[in-house]
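The next part holds the structures, each set out as structure tokens.
Shared chain: chain A. Partners: chain B in the first complex, chain C in the second.
So, the complex of A and B:
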């Protein structure tokens, strides 16, 4: 918990980046969301504005959770790694704490934005939403674990920055965050296949299911995406722990 | 004078190509927008909105070229902000050239870098939408170069007026999102005007979208390649005014601020 708390505190030092993400979020809703919803065919998506705003919350959660990877480089550069290794916690506790801290801080940051988007899109089904919220927690921890895994595997911050940018572009666009799965499948079956097994799609679909708004719900059964998110969380937390554990010994991060 | 400016251009272009992997990453993100997002949007957008362009992919390709130009021409501001913070500008001031040559060289190199980055995107646009005639091609290049100069100027003006990288990034974000989303890059201008007429979009933002140089450049390329929307000399005037204002204000701001103790 101490490791997680430290990572949460670190995140709020980047106040300008937090502000810029908030500006991006608001301008996406009041400018892009509002105007783009006017050009969408209502037979394909009955209420694109609400559909898009709910997807936007997941995109923001994803990019906030990714940020922990950049901290790993900062720490390696400033010699903080040695300090972390000297702490009276096991390597596994350290990695798990970092993964939870990364996910938690993303969630704390996105919390008010999710509340704002719920206010914009309207009604909520409280029970469904609590279940969706739990899956979003796991999603956020999984993304942090993925970011930590990639950060410790790639030693250059520039390469990491580029890879995360490209990955962000692909993983978000090949998901149901911006458009429903049936449209993606019609547009291109390969895109549809990827979107069908994408954790961003699972999180976005569960979030919409949690709102209880019939016009934007795309799930009949929320169990499958929930299992997908649990698997994503488990895989990246396990891989993250294993790789981080191996790399941090003997100056392997340098 | 020309020799000094060319030396500066060479310096900034060399710096630009140091970020080659970053550029590859940026281009792949732009292409993901075009070949994934725009293709999926083809199946969602109402036919009536884009019927004169045939599909959303064709509508969006010119807009994407302009956003690519914007992002890359804006990069010079980040470097100048860094030079100011690390006090590299003292070295720049010691170079055997006038302050005006220094300022013009920086604005020009920012614009030129934008043009270099944008070229593969413009070529992609031509390949999928068709090639313009020679006069149209020269007009597109000239207008995009003027736009790149204006963007580079705007970026330098922000860079020299902000004391930290964080403030520069925040200001850049505000400018980016306002100019991108209040333009015809992602959606036809008529749609924004319609929302404004219905009172669902502030008239200030509708006016901004109309005079936005990103709208003017995107719509001019669309007119040449797709025949719609109608060509207007006002759009050329928009880009000219934007470029003149920001090139001059950046040059004067740059000279004034880097000489400040």
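So, the complex of A and C:
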């Protein structure tokens, strides 16, 4: 837990970055959201603006949780790994702590934004909402775990940056965060396939389901994305632990 | 009592470099073991293997009875490390770093706060506690790094070059604190390339060179063991010729002659009081002017030189 706490606190040391991101978020809502909701007249989405705002919350959560991967490079550069690895903490606790820390801080950071989007959306059912919130937690931890795993695997900040860009394109753009599934599906069945098996979609769907926007998307079975997110979290935490232990020693960091 | 650390054939290869080469060494409970060697000798690599940060290529070690390969979690519970290069992110403050370390090591709240303050005061760092570490000098960072372990008081403290970049006053303070840590019950491994530091602090010194252990014993035994226990340094006016060195080696009491500088010769010999007059006579006869002559006890450098034919300083230059 201390490991997690450390990551949370470190994150908030980068005040400048946080402010930039927050501004980015707000401007996205105001500019793009309003324009897009005027332009896009999708039948399945009677109110694209609300749809968009909730999706944007998820995307921001995703990019905040990814951030821990960059911390890993910062640490490699300063040799902080060696220190962390020498502590009386098991590797399992270390990786788990860091995934949770990375996820938690993303969550805290996006908290106000989620609150803002709730205000815009007008959340309805508190119980659903708690369930959705919980799955967002898991989603956030899973994304951190994924970020750590990938960072440790490829050991090069440039390649990490590129790969994150690609991933961003693949799993964020091709998710239901921005457009409903059948819109993506119609555009290209492969894209639709990706969107269908995508933690970002799961998170976005659950969030909308939780906030009581079922009139916007029809989610037959909220269990499905929930299970998807739990699996996502579990897989990356597990792989993360194994890989962190194997790959971190021996240098080769760029 | 069995040794608290038992190192057996410990080996680490980085590509073709044998950083540590079949090292065998024991550390006794409660001692300060000096690990002395020039840069690149393999001290840091040995330490990183002991704290389970890097994996040995071959061989192993037990720490407090736990095998570093099989029980790394248990091993780390016993050890605290002061790294050669302080490991810290620039965004953290002095106090944060030391306090967090103490927390992770499980110190209870009250005691932790008291000890963090005590140690930072002892190290003259209390007034800098709110500063980000990037605003600190190299020597100060080194002290923050040391503070972590002084607060932790681990069963085994491993300290890698604690006084590099630290000024003379600071050095003495750090040395005192290391001794106090030992007196409070910690076993200490002290890696250093400073002869004096190794000599005054260590109960025993292990001398390493090119990944191998040359010898390990108390500083006194090591120094006494050198054949040709007396040392004479002769400063010549002109560069010494090979012929002169050859002549000097011909004295049967002279064990070895090292050319420290072109004009400075160091002789290892027996029966110094009888030989020196003879040498002087010989040099006079050959018309080799002598500026000064100096006799001394052997140092750990001489022990090192005895095994490698190089002084530690020379080995640093070659070794890189």
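Definition applied: the second predicted complex is superposed on the first by the 243 of 254 C-alpha atoms of A that agree within 3 Å, B and C clash if a C-alpha of one lies under 4 Å from a C-alpha of the other, contacts with A are read in each partner's own complex, and residues count from 1 in each chain.
As a working rule, a residue touches a chain if its C-beta (ideal position, glycine included) is under 8 Å from a C-beta of that chain, and two chains touch if they have at least 3 such contacts.
This is a predicted model, so every value here is computed, not measured.
Enquirer: So, does A:88 touch the first partner chain B, the second partner chain C, both, or neither?
Expert: After superposing on A, A:88 lies in contact with chain C but is clear of chain B.
Enquirer: Count the residues of chain A touched by chain B and by chain C, then name the partner with the higher count.
Expert: B
Enquirer: Would you check which partner chain A:162 touches, where first means chain B only, second means chain C only, and both and neither mean what they say?
Expert: So A:162 only meets chain B here.
Enquirer: What is the contact status of A:133 with respect to chain B (first) and chain C (second): first, second, both, or neither?
Expert: After superposition on chain A, A:133 lies in contact with neither partner.
Enquirer: Would you check which partner chain A:80 touches, where first means chain B only, second means chain C only, and both and neither mean what they say?
Expert: A:80 sits against chain C, while chain B stays out of touch.
Enquirer: Just checking: does A:239 make contact with chain B only, chain C only, both, or neither of them? Give me first, second, both or neither.
Expert: A:239 contacts neither chain B nor chain C.
Enquirer: Could you list, by residue number, the parts of chain C that touch chain A in their complex?
Expert: Residue positions touching the partner: 14, 48, 51-55, 73, 76-77, 79, 81, 83, 85, 87-92, 96, 100-101, 103-106.
Enquirer: Quick check: in the complex, which residue numbers of chain A touch chain C?
Expert: 2-3, 6, 9-10, 13-14, 74-75, 78-83, 85-90, 249-250
Enquirer: For chain A, which residues are in contact with chain B within the complex?
Expert: Chain A reaches chain B through residues 15-17, 19-20, 23-24, 27-28, 31-32, 34-36, 38-41, 44-45, 48, 158-159, 161-163, 165-166, 168-170, 173-174, 178-179, 183-184, 186-188, 191.
Enquirer: Spell out the part of chain B that touches chain A in their complex, as residue ranges.
Expert: These residues of chain B touch chain A: 21-22, 24-26, 28-29, 32-33, 36-37, 39-47, 49-50, 166-167, 169-170, 173-174, 177-178, 181-182, 186-188, 191-192, 194-195, 200-201, 205.
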